[in-house]
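Please find the structures below.
Below, subunit A partners subunit B and then partners subunit C, in two separate complexes.
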Partner chain A sequence: MPGSTPFDAMTRRQFITTVGAGAVVSIMGASLARTSARDPVLRPPGAVDEEAFLSLCARCGRCIPACPNSALRLQGLDNGLQNLMTPKLVPSKGYCIMPVNGCENCIRACPTKVLQPISLEGLSSNQLSSRLKMGTASVDTRICIPYALKQPCLACKEICPVEGAITTKGGEGQGPGAAVRRPVFNNEVCVGCGACENACPTAPKAVTVSSKGAKRTEWRA
Partner chain B sequence: MGDSASAGPAISRNFFSTIKFRYIRHIIQAQILILVLYAAANYSLPIRLLWYVDPLLSIPAALSGAVIAVPLLMLGAAMLAAGMAFGRAFCGWICPLGFVQDLTSFGRKKSWMPEASRYVKYAILIAGLIMPVLAGWTFLEWVTPMSVLPRALGPIWESYDSLALGVVVFLVAVFFAVVTEKRAWCRHICPLGAILSVPASKKAIGISVTEERCIRCLKCERSCTMGIIDIKGQLGLRWDSECILCLACRDACPTNAIGPVLRP
Partner chain C sequence: MQATMRRLSRRRFLEVGAAASFLALLSEKPSTAQSTPGSGSIVIARNGTPSELVSGAVKSLGGMDTFVGAGDVVLLKPNASFSVPAGTGANTSPGIASTVARLAFEAGASKVIMADHTINKPGALTVQINGLREAAEGCGAEFLVLQQESDFETMDLDQARTLRKVDVAKAYTESDVLINLPVLKHHDATGSSVGLKGLMGLVYDRTVFHRDGLDATIADLSLGIRPNLTIVDATKTLVTNGPRGPGELVDIGKVVAGVDPVAVDVASMALAYSLGYADFGIDDRNAYVRIAGELGVGESDPSSVLAKTFEVDVKEEVSPSEPSTKKAGMPAWMPYASLSVASVALGLAAMIYDRRKTRDAG
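Coming up: the complex of A and B.
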């Protein structure tokens, strides 16, 4: 029969059930979404602002295998339903090498452009955070080896690709304990690539990267 | 199909009638599947279009008030306009998840799922359009057919600790098709198929049966990918807007009685 649709064959009862089920599911989901809203997680580089990201991210996971440093993971339910299957930068697994060599594989792999291209041309290392800022690293001085144990460790500073993001203090005095240089994190210079957290030898990590201070761009086709 | 009136009950054999559309269709589907799975970080516009034309990406995003993505909305509207012409032909000829189901449920002939469960996909669609308005978030991307495949294969390429639900959704889609019926995901779950079958109810090209030629062998009923042909009852398609124009019925018909026609 030309032009026959499923709704022609539908009984009133089936119609009410279909529309009603849709409405009930959406109301239940809406209440779940309200309770599960969290702070934004650490996103891949070039992520658009969080609202646009959550609604336009296709949850296709293309960015995951695109990353040469295995830094990205799809999220499970741990950050709420809204974040389900969206990508997250997990520094303890790998870090973003965009500040090192300008890698933009995840950005090129993204089919819906919720990861927007970033041009790092002509920027010196300590200016990167003006265009690329995924988050900010911070140190827990109760765990960090030079702070807590007064033993030398600058693993984070050694691997940090951004000049001036991690500086040191101490190391000028004499005697035991006084000579240890301690890392200091400069929030404005840091791009949040996660290299420092990846290199941090303590467990749990003394250096952690959060999405605080992330610069998110506007969505463009 | 043009000579159907004069040909009468005689079986006409011309070159066109000997083409098996199944092979043409599977070649197109396979190429798109390869493009979707292509792992190198090379994502030029033609394959990105697969996601851009998905109206279920841009419409909920606009409804939630998060972002009005004008180019995506226009391409989504173009997709629905194409639905006015070809109905759900996207599902039959392009969709990569549909191709995987075509491959995994090859020999299956008879369906035992209740017909009414086809309304489930409309319930999912309705929920996916109300939820952005109520709560400002979207969930239809979880089951977007273009996303299901790469999401499931990403963890295999890279690491297993993000395996989680992405693989589960994919396996549900495939096993559903394997254990129940052909294209079970497309019949019962896919919200993209649901929104495409709305303009498909007014489509320009559809399947119809020539009564004089039909010998009631029911080969088309058994071959139908979507299980919607009803020859004994109404000599046509029971759920016409569900038709994905895969032309399996035309391939199967021994007398060229069934095939696509341009509707007035």
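Coming up: the complex of A and C.
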């Protein structure tokens, strides 16, 4: 092209490269920042502490199809690059059956042992959280049917496999709405299996499970 | 003159009143005078092992032949929802489920399928833990875990007030006979759970039930899924912290059976209610029973149900089967009887008084 100089051409190339590199860096930076601001991802049972998990998880995805309840998914970019391809428990898709009920398929499928076997022998249902706690359920009483509409529901309590994790209040009185029991979530007892969120009939879910309070184990070979 | 008029009219009035009351008593009596249960009755079997209770109850309703014909495909719907062991009151007792399966085979069923859409997933593990798969397979039946969307098909409920469409198990539409085998137990949300509530186990998406109101939708569902027979496990009853428990267990030791799915629920709930467990009452709690009655599915009025309920002692060869109304309170004809007696007595007293007054005046 007449009038153009090598300097001009260089500038254009450099410009495109710089913009591209800048975009990548800013995306990485933003996603990393997002990760640190949030609770860690809700992990499958027996997950080792998050630092070890992130450095040792092979991102092989073998735990995903191992779950008979289809509760696990691979993490996308929405929780930062470092979480990309790591497994997460997605209660709205399925919930953890838990080793206490004879299922440790994901733990057995894990080649890097970032999911460690947990011995729950001798523990009663309401003591499980002392050794196995993936997270904690909580309820948004503005959406929860018995709280907000004063109508019976308790789909969460009906499905909860952990004795005492969900109890009820109300239900003693007479008159419209007075007989309706409302769910109470007991953080100490809850294991975070996700069954309640899975069963919750509202959209968006009134009951959600986060990794809050999760007990993580130490990595062992 | 006026005195005579008043005297006569009063006497007349009393005589007519007495006669009317007596007639009422007579006309009321036959409805409860039926001394043996028939196929339209509700039978409560007591005093036996779970297996004896089932056999006794079914026999009192005319035998399994009344409900199952040769070559029929029979669907049994136990409550197999929870991954807890047998004996905790959360699921139908395996022994009761297998007895019904055996009776169905004896009556000529070509195939007996037990099925449930379990609440605890995966269903295959749940029915292994609660023993219902073994109950089915131990007597040649099969257990069908309803879990995939493809196990269900859409049904329209034209008369429904809320639930106009519902996905029900193909196993139901493809079977000849449905025998509902619920367990009587407490339920935190509805009050109690028996047969009508248990039919939710043949539905794919239950979230809509919780969202649109359990009472209205359970009643609507009973329009579409009509069991030919309901046999209720009321042997060990979870009376608190249902439906999953653990909670207080009461040894009621009975099996309730009948064709009318609403009446069976009413009679079953009365067993626990009469022991003082208020959640088994029909008011704000268990309102689905009342709504199902309004929709014409069955009889929901407790006194009408109790009038056709019979308690059968399975150890007695020929069961005299007195109406269980006795237990629930005074018989339905008692008010009429006492009214009649009172009227007659009043009439007599008035007559004597009048005679004496007339004589004194004369």
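Heads up, the rule we're going with is that the second predicted complex is superposed on the first by the 181 of 221 C-alpha atoms of A that agree within 3 Å, B and C clash if a C-alpha of one lies under 4 Å from a C-alpha of the other, contacts with A are read in each partner's own complex, and residues count from 1 in each chain.
As a convention for this text, contacts are C-beta pairs under 8 Å (C-beta built on N, C-alpha and C of every residue); 3 or more make two chains touch, one makes a residue touch a chain.
Remember, predicted model here, so these are calculated numbers, not experimental data.
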item	value
Partner chain(s) touched by A:A66 [first = subunit B, second = subunit C, both, neither]	first
Which superposed partner A:P201 touches (first subunit B, second subunit C, both, neither)	second
Which of subunit B and subunit C A:C160 touches, first, second, both or neither	second
Subunit A residues touched - subunit C or subunit B, whichever exceeds	B
First, second, both or neither for A:A52, with subunit B first and subunit C second	first
First (subunit B), second (subunit C), both or neither touched by A:G76	first
Subunit B and subunit C footprints on subunit A, overlapping residues	none
List of subunit A residues in touch with subunit C within their complex	68-69, 94-95, 97, 101-103, 145, 151-155, 157-161, 163, 168, 171, 174-176, 178-179, 181, 195, 199-202
Subunit A contact footprint on subunit B (complex, rising order)	39, 41-43, 47-48, 50-52, 54, 57-58, 60-61, 64, 66-67, 69-72, 116, 118-120, 122-128, 130-132, 134-139, 141-142, 144, 146-147, 150-155, 157-159, 161-162, 164-166, 197, 200-202, 206, 208, 234, 236-242, 263
Subunit C - residues contacting subunit A, complex	83, 119-122, 125, 129, 188-191, 206-211, 213-215, 243-244, 246, 283-285
Of all residues in subunit A, those that touch subunit B in their complex	1-6, 9-10, 14, 17-19, 21-23, 25-27, 29-31, 33-34, 48, 51-52, 54-62, 64-67, 70, 73-77, 81-82, 84-85, 93, 104-106, 108-113, 219, 221
